[in-house]
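Read through the structure below, which is laid out as structure tokens, and then see the notes.
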């Protein structure tokens, strides 16, 4: 168990999340992809704290911040989805392309 | 005294300017004002000729404005003023439309001439010189309803200005060389610049004096009113060309080649234009050609050691030729024609005019004891001193002058044939009368033409030579004078007798095609080029680059067309050059700058469209682009590290 | 005091703009009044300047503006700027008088022109590059508004846009050059006097050359010289008469003025090195402009192209001045001083004469409805005053002695000859072609048989004569008494030549 | 032992992550996400950060609940009643994410990571708490503001009616103004 | 430990204002919600004043060096509330009477707070949370109109923001990993020893978030769509306030990153691409909002020039701050004109505006020409200083490119101005419902743009100090 292993896990999660964010049509699914990416950040942040600079709490705070970011971003995501659903009766990003060019 | 010098041209300049700008309201008083002014100017001229003032004021950077009346200028100033007074007097009775404009322009012209004559530095000279040209344009084109006359004025101005460019060059060279723009120091300039100055001066003088190859403008200028011809082409503008060389004789002498060139040009002009004059059927054209020929003698004198003779010839010619032009003008006004065939016997119909004309013509022929006989001989003597061939050519010119004078005289003094009225009124509606205003100046000028030979004969001649600052010039021997006088008399008589039968070939009537040649060699190519440039500029703006091809083709066709009727080979080669220029311009067009500008604009617009393409509105494509761009940034940083 | 002089028109413009109820008549006369007052002010400046010795910088105002960015509010007047300031006030006043009879939306028009006058006065009195640039740019904006707002013809908007874009690119190039100068100076400054003194880019190699390139391109577009002139004809064709007059008479001078004020004194080494380019461009502009003008059928376009020709002489002269070096014979220095003097004189002369010609073109359009010369002929009979004015202006413009143009061109040719005899010689035919085209134009418009349907009522009116005649009279005054002007210019020109030669 | 546990958890987390985007029902995807998070939380528990691991797991489970509600509310195919492939640009997405993974993995393995500095404190949770009340207090203050902002912002977007619409059930979208 | 709550008074006032406005909105009847607006305005004014007063004091860091109060922060503390003040004024007609009126004010205040905090963040963690605070309210503002456009605007803003946030957190993690600390004053010592590759990836990822906030390539995609979809007031805020925070934050963070990672070149490229793409894409736009959106992208490109040379010349910061201040007022002025004329949806509809609305037209002319950089407006001073700084920092090519872009930008600004002057009316819409407050804002902003340009001396002097850590 070392830093590299954790980072590989984080990289894998990040890449899978990115794939989801890029490929999913439904907004909620895109959000899941983003959430997976944040998940990777949690892993990486914790690992950095533990394996690089465990003496100071900065890494732990970083993980907390990441979690907070995840929470608020998800909350906003749901809010936006709700709005989109109400305003356009849509839940797909592809359906929101009136504005372009 | 310097104040008088200033007034000498300030008075006619100011009066003339206000008359010219004053419009029709001043028309009624204009002749009187003009006469008074001319009289005042004459008085001033005499005064400054006696007082010899000189003044220099600061003018432009590196060049002062200097005017002075020296021995050379004094008689010329007086002559110009006197002729001007007489011509204006004649005009009172001759010019009835646009009097204010006429009088104003004439006075402006006189002011310019007087300034030219008194100029002591190049800026002052150029000032008078160019205004003289411009006013000559306005005077020749005086009857502007006729497009041909306007064109004639334009030709006169442009041709003489072409020569004037030489003066600009000369001024530049003089300023560069150092000692300044003073006329009497031009001969001291260092070597390369002196030659440039001389070349420029020659060009300017030849242009104004209607020497070869510039002579053609004088032919066209005959479309101007007769008083204008009488002033411009006797005492003033044309004469100033010769006068400039008289004044700059030291410069010509210092360069060497310039003197030779001037001498031969003068002599050849005397011969060639003499032949042309004999071939004329139009009285004023004959006189015009003879003016150029006579100025040839003046220039010959200036280029050799006959400065005094040249000056005397200039003055004598001024009186004689003014007389002849005025007489021609009187007939033109009365009978409405200038054709000598039609004017046959006109000398008998208006006897005073005829008599004075006879005096002038005989004088022009160089028959003793009239003015141009002695003055010309003095020039011939100087030529002989230079080279025998020059002398022979010049003598031929002298003989020819007797020929054309005799031709005119012979035709005009013939008995009035019956029913000749049919030839009248070809140019304008004649008045059939000659009034006192017209006659009085004729008499005065005839007196001048008869008496001015004194300037070249001892003892007055010596004094005159001293006056002009060139004593010790070669004096003609008695035998020479007798020879030339006798030759002139014989030829004159022969010409008078043979007058109706003298040939009038087309090449002579057309002044050797000089005008056509100039038109084809200079004017048309320049106009064509101008149109091409203009069209090129336009079409580039309108981004119709392609349509230049037909334009070029059209130009080429036009050029080919006139190519066909050009007789000489020069024209052919010119056309080829023109075509090549057209092709060149067309090629240049492709690489043109504004074309590039418009193309850049179009390219930017296209880029703008492609810049909008990433903004698809599709979020997943935004994502993909953003991530790829960031990955590229990472790679950039890692790889270039 | 100088600030008041510069900004008074802008103040008046603001008043006119805000006072909406003002009747047109009052507006027009107020405009004339302010312009006349400016002339009086410039006359006072002139008199005091000459009595104070007539050399160096006078009426200097130097306050901090953006010290952090090296820019100061620095104004002043010297022998180069004073003639142009005078020209500006005169031309603007002529436009004001001319507009007594012409133009719609008088209030906005007057305000715009007054504002434009401030930009011109400010530019010519600027002694700080940023102040210079500010007025340079604002003048472009103002002129754009004039062409776009009051232009005639279907293409007005397009022409205006072209003018704006083209000259704006030029101004930005200028800005880049200014920044280059700014950064080269130690301490960093935009102050012209300091930069001139420092010669900051001496021996800097490529940087100096690039800075000069940027500045020269910017000025060349404005001047305009040959390859950059294509904005000029459409802009003039579509601009209103007063706008054209100001554009040609004053705005073009900004470019030419920039050469003697900025490019030459601040980049002497580079200027000397690349002066031959200016000479070539000058000769090309002079000939190309003359030829293109000769080929025109529209009176106004023809005048526009003669501007290219006339400005070409200026570029030739400043280029020739750059061909001098420190060790030259004094005669060449004298000659080159003459060239620079001639260049500045040409700015004034061209302003007066071309301003007059453009106003006359406005009269022509007003009466006849077209600029095409083929549509007229024989006008001299019916509109003698108009014909006389045009003829006088034309003869002045073709460089006839006794007009200012001769003084300018004579000095330019003779002065340039000292360093670039071939260039001066090649440019000389320009004055012949110019003569030809003006005579031809006079022929087609005024002489020959009548082809038009204008009565004598179409002759130039009082306001128009009052606007145009003084311009011509001034030109004649300079032509006959050049020292009035040259005494001011010559010391400054000498300084410029010394600065270039160092 | 720990390493083995970590590998198991890691594989589980990644596999669950992949499952999210391969199952054809959102409900199952949600479950997979939850599994992934729990696995990650458990992995963090392995490295002496019990607080972080626990909080991760707890927050994720709560979030899953919310997400389930949302899906039932809005998603067109909540239960996976019909086979779905709601993907676009699959190939591009695969290419990009594989590329990113390779980049990150290469960095993770080959980068010369710094040496460990110091040791974890005896009670990391306590140290964290002290930091939050001390040197990193500003962070927490701002986080509270963020939460406030989130509430307001989410309410603006999500609530169909404003506070004043009880009487007039207006259209859901109120583009036109009163 | 140096917690001095009063040192954060300007920020606290903003937060307090947000809370109070929300409370007001909650307890007041619908017709009197404008009280919330006044509360917000007073909070902004108070914050502005407090910020200005604090600016006179000496620079310091608070909360254990995690927050710097220096010239840059002071500038943000003044410019951001001022800008927000103008924005809530210009939006007042649109939001008045809306049932979420007070929320608009609350979100605007919170967004301002986020921007200010961004600009002062001197610790990566503070940066991260300030980013969240500056971003979250924008989602709400973008979708505030609750129409289809607003929904799409919010969606695109949100998804781009979320992605950018995640990537930014990754960047922060990496930088933290490299140095083991998050405070800038410690980073500057720790990062040079860190693996350069890690720092490079970290800085790119970190920039992803800040570039998103600034609206720069490659994270700019939200800008045109969100600006067009959102209400005009929100759009003005989206394109003005976050940029201030983000660019100052970028400056602050980049100056602690070792130059040998190559970030200056990267920033220069980003700047070049951003300004060019923004300009090119703006050419053919026919909707004023969208045109302005692209114009803001290009403006960010110019602003980034100053950031790109942050390490090589000390002229960069004053240039950046001067430009930001000028840009903020000018951009708001342009949006205010749009807001004042809600019934003119396309550029063609601005025909004959000059006759009907001379004041608005004047404001439009000044603002658009100001955005071009015509003197003597504020943006001119900004461009002048930025160009000087970029050249001084050894990026002459970037200056040339920026100049070319400036010239090109004139084209599309004129496309907007031309109909305003030339059209012969024909617009039948009654102009009575012209939004008067927005008109006032437009004129005020235009006047301020000119005043800032003319009075640039003190401004440039005031911002001429380096950042502290």
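Note that the chains are named A, B, C, D and E in the order they appear, and that numbering of residues resets to 1 at the start of each chain.
Keep in mind that, in the parts below, a contact is a pair of C-beta atoms (placed from the backbone, for glycine too) under 8 Å apart; a residue touches a chain by one contact, two chains touch by 3 or more.
All values reported here derive from a predicted model rather than from experimental measurement.
By the document's definition of touch, common neighbours of chain A and chain E comprise B, D. Between chain A and chain C, the least number of touching-chain steps is 2. Ranking every chain by how far its Cα centroid lies from the centroid of chain D, the top place goes to B. Distance from the centre of chain E peaks at B, each centre being the average of the chain's Cα atoms.
Of all chains shown, C has the CA centroid lying nearest to the centroid of every protein CA atom. One finds 5 Å separating the Cα centroids of chain A and chain D. Note: centroid distance chain A to chain B, computed from Cα atoms, is 94 Å.
Per-chain Cα centroids separate chain C from chain D by 69 Å. Averaging Cα coordinates per chain places chain B and chain D 99 Å apart.
The set of chain B residues touching two or more other chains comprises 612, 615, 617, 619-620, 623-624, 627, 634.
Each of the following residues of chain D touches two or more other chains: 88-89, 92-93, 96, 100, 107, 113-114, 117, 136, 139, 143, 146, 150, 153-157, 173.
Within chain C, not a single residue touches two or more of the remaining chains.
Taken as a graph of touching chains, this assembly has some other topology, since it is neither a line, a ring, a star nor fully connected. Per the contact rule defined earlier, chains pair up in contact as A-B, A-D, A-E, B-C, B-D, B-E, C-E, D-E. Chain B contributes residues 604-605, 607-612, 614-615, 617, 619, 622-623, 625-627, 629-630, 633-634, 636-638, 640-641 to its touches with chain E in the complex.
Those residues of chain E that touch chain C in the complex are listed here as 318, 369, 372, 374-376, 380-381, 384-385, 387-388, 391-392, 399-400, 403, 406-407, 410-411, 414, 418, 421-422, 456-457, 460-461, 463-464. Within the complex, the chain B residues that touch chain C are 21, 23-24, 57-63, 123, 126-131, 134, 137, 141, 144-147, 150-151, 153-154, 157-158, 161-162, 165, 168-169, 171-178, 181, 196, 526-527, 529-535, 537, 540-541, 593-594, 597. Looking at the complex, you find that chain D touches chain B at residues 88-89, 92-93, 96, 99-100, 103. Residues of chain D that touch chain A in their complex: 2-3, 6-7, 10, 13-14, 17-18, 20-21, 26, 29-30, 33, 36-37, 40, 43-44, 46-49, 51-53, 55-56, 59, 63, 66-67, 70-71, 73-76, 86-90, 92-94, 96-98, 100-101, 104-105, 107-109, 113-114, 116-121, 124, 127-128, 130-132, 136, 139, 143, 146-147, 150, 153-158, 160, 172-173.
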